[in-house]
Amino acid sequence: DFLSALDEVKPLFGVSEEELERCVEGGIIKFSPHIDTILNRGRLHINQVRDNSTPLLSVLIHGPRGSGKTALAARLAMDSGFPFIKLVRPVDMIGMNEIQKIQHLQKVFTDAYKSPLNVLVIDNVELLVDWVPVGPRFSASVLAALKGLMDNKPPKGRPLLILATTTERTVLQQLQLTFMAQIAVPNVQTQAELAYIMQQSGAFAEKDVNRVIKEIEDATGGKQIGVGVQTVLTGIQTARQDPDHAGRFVELLSEAVAENRFS
Amino acid sequence: DFLSALDEVKPLFGVSEEELERCVEGGIIKFSPHIDTILNRGRLHINQVRDNSTPLLSVLIHGPRGSGKTALAARLAMDSGFPFIKLVRPVDMIGMNEIQKIQHLQKVFTDAYKSPLNVLVIDNVELLVDWVPVGPRFSASVLAALKGLMDNKPPKGRPLLILATTTERTVLQQLQLTFMAQIAVPNVQTQAELAYIMQQSGAFAEKDVNRVIKEIEDATGGKQIGVGVQTVLTGIQTARQDPDHAGRFVELLSEAVAENRFS
Amino acid sequence: DFLSALDEVKPLFGVSEEELERCVEGGIIKFSPHIDTILNRGRLHINQVRDNSTPLLSVLIHGPRGSGKTALAARLAMDSGFPFIKLVRPVDMIGMNEIQKIQHLQKVFTDAYKSPLNVLVIDNVELLVDWVPVGPRFSASVLAALKGLMDNKPPKGRPLLILATTTERTVLQQLQLTFMAQIAVPNVQTQAELAYIMQQSGAFAEKDVNRVIKEIEDATGGKQIGVGVQTVLTGIQTARQDPDHAGRFVELLSEAVAENRFS
Amino acid sequence: DFLSALDEVKPLFGVSEEELERCVEGGIIKFSPHIDTILNRGRLHINQVRDNSTPLLSVLIHGPRGSGKTALAARLAMDSGFPFIKLVRPVDMIGMNEIQKIQHLQKVFTDAYKSPLNVLVIDNVELLVDWVPVGPRFSASVLAALKGLMDNKPPKGRPLLILATTTERTVLQQLQLTFMAQIAVPNVQTQAELAYIMQQSGAFAEKDVNRVIKEIEDATGGKQIGVGVQTVLTGIQTARQDPDHAGRFVELLSEAVAENRFS
Amino acid sequence: DFLSALDEVKPLFGVSEEELERCVEGGIIKFSPHIDTILNRGRLHINQVRDNSTPLLSVLIHGPRGSGKTALAARLAMDSGFPFIKLVRPVDMIGMNEIQKIQHLQKVFTDAYKSPLNVLVIDNVELLVDWVPVGPRFSASVLAALKGLMDNKPPKGRPLLILATTTERTVLQQLQLTFMAQIAVPNVQTQAELAYIMQQSGAFAEKDVNRVIKEIEDATGGKQIGVGVQTVLTGIQTARQDPDHAGRFVELLSEAVAENRFS
Amino acid sequence: DFLSALDEVKPLFGVSEEELERCVEGGIIKFSPHIDTILNRGRLHINQVRDNSTPLLSVLIHGPRGSGKTALAARLAMDSGFPFIKLVRPVDMIGMNEIQKIQHLQKVFTDAYKSPLNVLVIDNVELLVDWVPVGPRFSASVLAALKGLMDNKPPKGRPLLILATTTERTVLQQLQLTFMAQIAVPNVQTQAELAYIMQQSGAFAEKDVNRVIKEIEDATGGKQIGVGVQTVLTGIQTARQDPDHAGRFVELLSEAVAENRFS
């Protein structure tokens, strides 16, 4: 019966919860209005699954490296309050062969079919199928399994929301791994966004923030910054180790901006 | 003898029936005259097999993603009233290796050779051979098996109709998996078709339907919509969660139209 | 000794005979003078093997899909009256791995070396080596085995005729699978040929034949029809299910002509 | 000791002798002065190995399909009178995996190292390494083994001549399978050569020979014929079955000439 | 508990220390100010991990062959004073299959998760994934494992610094093996740098140094030298064997400069 | 202890010595001053390893097929007088799989680490990694092992000289198998070089030498000959079998020159 089924999958839930929390450790900084737009759209999808009007819904959360995709997907999953939440990450499958990966995926979906409301976070879905752009290479059999599982309507009364993240939206299109809805996550783009993150970090005096913004504006010619929030946050920590916080941060960030522009 | 042979395959039939019904759960909305044309052509093929004038007939039902191919194939199969109906789906073969897949296919055809009238629905036939456009990749051995089985005349008095669905008609031509007849399934294309589906969904007031149609007409410049019925139906359910049903639906549908046009 | 050797291979012969007959079930309609030319050339080859002046002769029967290659090869083999006739078809090797296929082929040739006059019909020889144009892919080891076996002179007094069919003559050239003689089989090309087949089918009144021919002439601009006899025969059976035989047949045949021209 | 070593390899010799004789069954027709030039060059190589001034010598006999390469190599090997002669053919390795093929080759060379004078005929050396131009494909490990073995100086007093045949001289260059000497074998090229073969066959009256030559001259515009001696000989046998020997032979040969020119 | 965990991994540490020391055997010659800049940046990264403000930090040390990358990474690791230091080199994995390599990597990371401060030196990271530009080829599964491990946040209180070296920075970008920071190591470029190394080597008299510099200046047209410090040091040892130290060194170095420029 | 370690590897040494001697059987003819330059450069490298100033040194001896690379490497190794000399040849690894090859290589290096002075001759290093230009193909795992082993500094007091030969210098660069020094071996290029070899062979009267030189000069238009010393020596032996030594030699050599120029 239903209660015992829930018991059965509980340990999995517990494990995932801890991992999900680690994904949003520092909290979500709302450095741009896009962050709210993303969370709102995500909540509509949660609700259409909750009221079973769409019993199977797959949503792709896509954007550049280190832009916060996993943090946002984890946030949405935890906020849903669904009884079954499961995080599927490539790292959990290291050392598995293709057959074992497929069995792992089958188990994840089978577990999901046991609870009355389910959300799966499939992180870096392109890595799950071992995508490498050189070649290109990927695991055709894991991909086939994922397509089959994501296309398979759950049993009555077991609606399922799939939140997948990726840096490789076009790759997934080429692999014909299709989703029923899509949400885009942007890089840090404006000086204002950058200043907001610096302030929230508590690492810089106000005048240092201003100096950095000014020098970055000069270095970038006032154009979009185009760097992931992760690079910004890591750079702040490196710069902090240098007596000249602001100077070192400008150096590091300029390198990151140049790197992204020319590669 | 014959009756016991029928008994033997009954359980398979039962399983398939339930699955087939799930494929047309919401019923077929006849949003376009094409839907009737498709069903009529399909019935001619059912009859030429029924009266054994074509003892082996393979029909390809092709069209874009989410256009209703599976629903229509399932409808035709169930309407045939043939004693043996079998749905073959990629998801049923997840985790099988190539040899197991081939054995599964052989069993399906062998079962079909036992009943006096047979229809096989082979869903997403390109996925059955593990087709991925990147590479491209596919299972040459499963493909070879499928060719051999589809080319093999059934025993006397066991006529067989094969209804296969695909989004990849040209791929199947390249793979030289040939069919004796073909049926095309279209996307939702006109404003009238869209309005009809919105009305049938019961999710919109008449004035909202009009507003949506008008705004979509503006957004698309009055051109063809070109979106699968599945995307339309899912978008309706998402929009329903938003207080501004119509506004959100226009947003979602516009995104889908743009997505299809530029990729 | 010789008689017991013949006994040994008899069961194989029996099986093949039934299969060979199924290949020409409806009889050969001589819709074109080419049919007789093909049968005559084939008989010369049978005779040069029969009188042992060419102890090993490989003949390739090539032409478009559904043009009647297998029917003609089967007809020739059965007419030869040779004591050992064997039909080798890809479907018989489904589920075999490459090693098993090679062993199967070796057995077929070894069996042939036991009888005083032998003919092997190797049907769809490109599929026997698992050819797929995408890639392209094929089984290099089965191909190597086939080359070796087809190049190996039979023991004294055991002349062997190999009749192979294919839709992929140029592919076989590229694979360097060479034959000592070649015979081409054409599509249905002229209005007269089409009319002849319609009459022989008994499905149309004379005035319907005329109407079809006229409308097809219009639709094709009087050019060559270029459709396999199989497509014509199947289309006749589909059209027969429609009250308007002739109209439906024109529709189906026009589609087939267009399909062949533009792909 | 030496005598017992010779005993040891005798059975191999015996088998090869029979096979070698089958390769020149009909005798060598000297339809062109090239045939003598080839045999002379080959005898120089036999002698430089016989007197041990070149203890290891590899010779490549190359030319188009069916031009007589194997027949000439077999003739030379049998004429050498060397105590150890071995014919290595792809057909002998059918069904072996790469490891078994390599072991087979190693055994052939080891056997050769036991006799005071040795000749290996390696027939269709490109097929031995499973070469297929599509891909292209080949067995890298068998190729590596063959390179190693052909590069390995035999023990003192065990000179070894390797006669390899191929239709794919440039392929062997690309595979870096190098030979110390090379001999080219041509097709039948002139009307005189053709007439000579027809006469030797005894299948045509003198006036038929003249008629054929005249008609072929017309059909080819007096250009080179460019057809292998095998095709000529087989065509003669086919034509013989037709009451009109000469007419049928012209038809067949014209097809062969056209085939070679346009593919 | 913690102390026993440290004990557990001690042997590993010991082994690595000896190997690390061999990497900087001759000491670091500071032939250019870049050497100090590199060491300083490296120390910032060590500190941001030490104070746990960045619990997981991956740094890529990239530059041409033989430029001193491994020596510098070893120097930094030894100077950190972290309790767990581990050198991961391709040579340690010779003869392991992909699964064993992945298990080895997993063990290295698991060991690192046991100590309060950790640094892994992953030497020639492109070789760890068996990268070869021809093909190109690499181990997709080892790459996937490395991505997963490098993306996996260590447990609380176990910060981890990863110092990876490579000659193939763009390759790693193509393989999407990303790092959170990057440090570039240059070749020997100026005449002054070359003179400094020659002097430190003690192999040349002052006037020989001047002669070499002058002749190299002529030979290179005064342009950048562009040769790794390793080539310079080896060339000095070869030249030392020749009575004409300076002349031979100019010859060898000129060859090296030319080699690098034209390949 | 040391003496027993030497004992341990003695058998290997013995085997290699015999094989090394076979590589220079006829002695080195100094047909060009390049031969002495090569031997001198090689001796510098031997000495820098002998005095341990470069404890690990890899030298690539490269040049066209049959130019004498192996003979020169063997000569240098034998002249070094080092206690451990080992010849590694592809032929010794025939029939080994990749794992066995890697283990063989590991053993060779481990043996070398036991003696106080070591030289490894790695012959045709491109074949050791199973390089074939078609594809291209090679063994990525053997290559990886070789890189690891050649990059691994030997234990203190066990200096190691690696002499590798190849016809494929650019391939090794592409495979990123790098060497610390390089030596080029040329073909026979001038008429004077050719005359010198003919004289040393003792196969020609002086006037025959002159006749050959004159005719070759005419045939080549006085340009470089560009043929390996091996081809020259083999051709001399073939020509010797013909009563007209000089005429036949001109024929053979002209063919070889033409062959090299146009392929």
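Order of writing sets the labels: A, B, C, D, E and F. Residues in every chain begin at 1.
Operating definition for what follows: contacts are C-beta pairs under 8 Å (C-beta built on N, C-alpha and C of every residue); 3 or more make two chains touch, one makes a residue touch a chain.
Note that this is a predicted model, so its numbers are computed, not measured.
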Touching both chain B and chain E (chains): A
Self-contact between copies chain C and chain D, residue sets same or different by half: different
Distance-maximising chain from chain B - centres being C-alpha averages: F
Separation of chain A from chain E, taking each centre as the mean of its C-alpha atoms, in whole Å: 33
Two or more partner chains touched - positions in chain E: none
Contact graph of the chains (line, ring, star, complete, other): ring
Ring path (origin chain D; first step to chain F): D, F, E, A, B, C
Complex interface listing, chain C residues touching chain B: 22, 65, 89-91, 93-95, 97, 127, 130, 132-135, 137, 167, 230-231, 234, 237-238, 240-242, 248, 252, 255, 259, 263
Residues of chain A defined as touching chain B within the complex: 44-45, 47-48, 51, 53-54, 57, 99, 102-103, 106, 136, 138, 140-141, 143-145, 147-149, 151-153, 170-171, 173-176, 178, 180-182
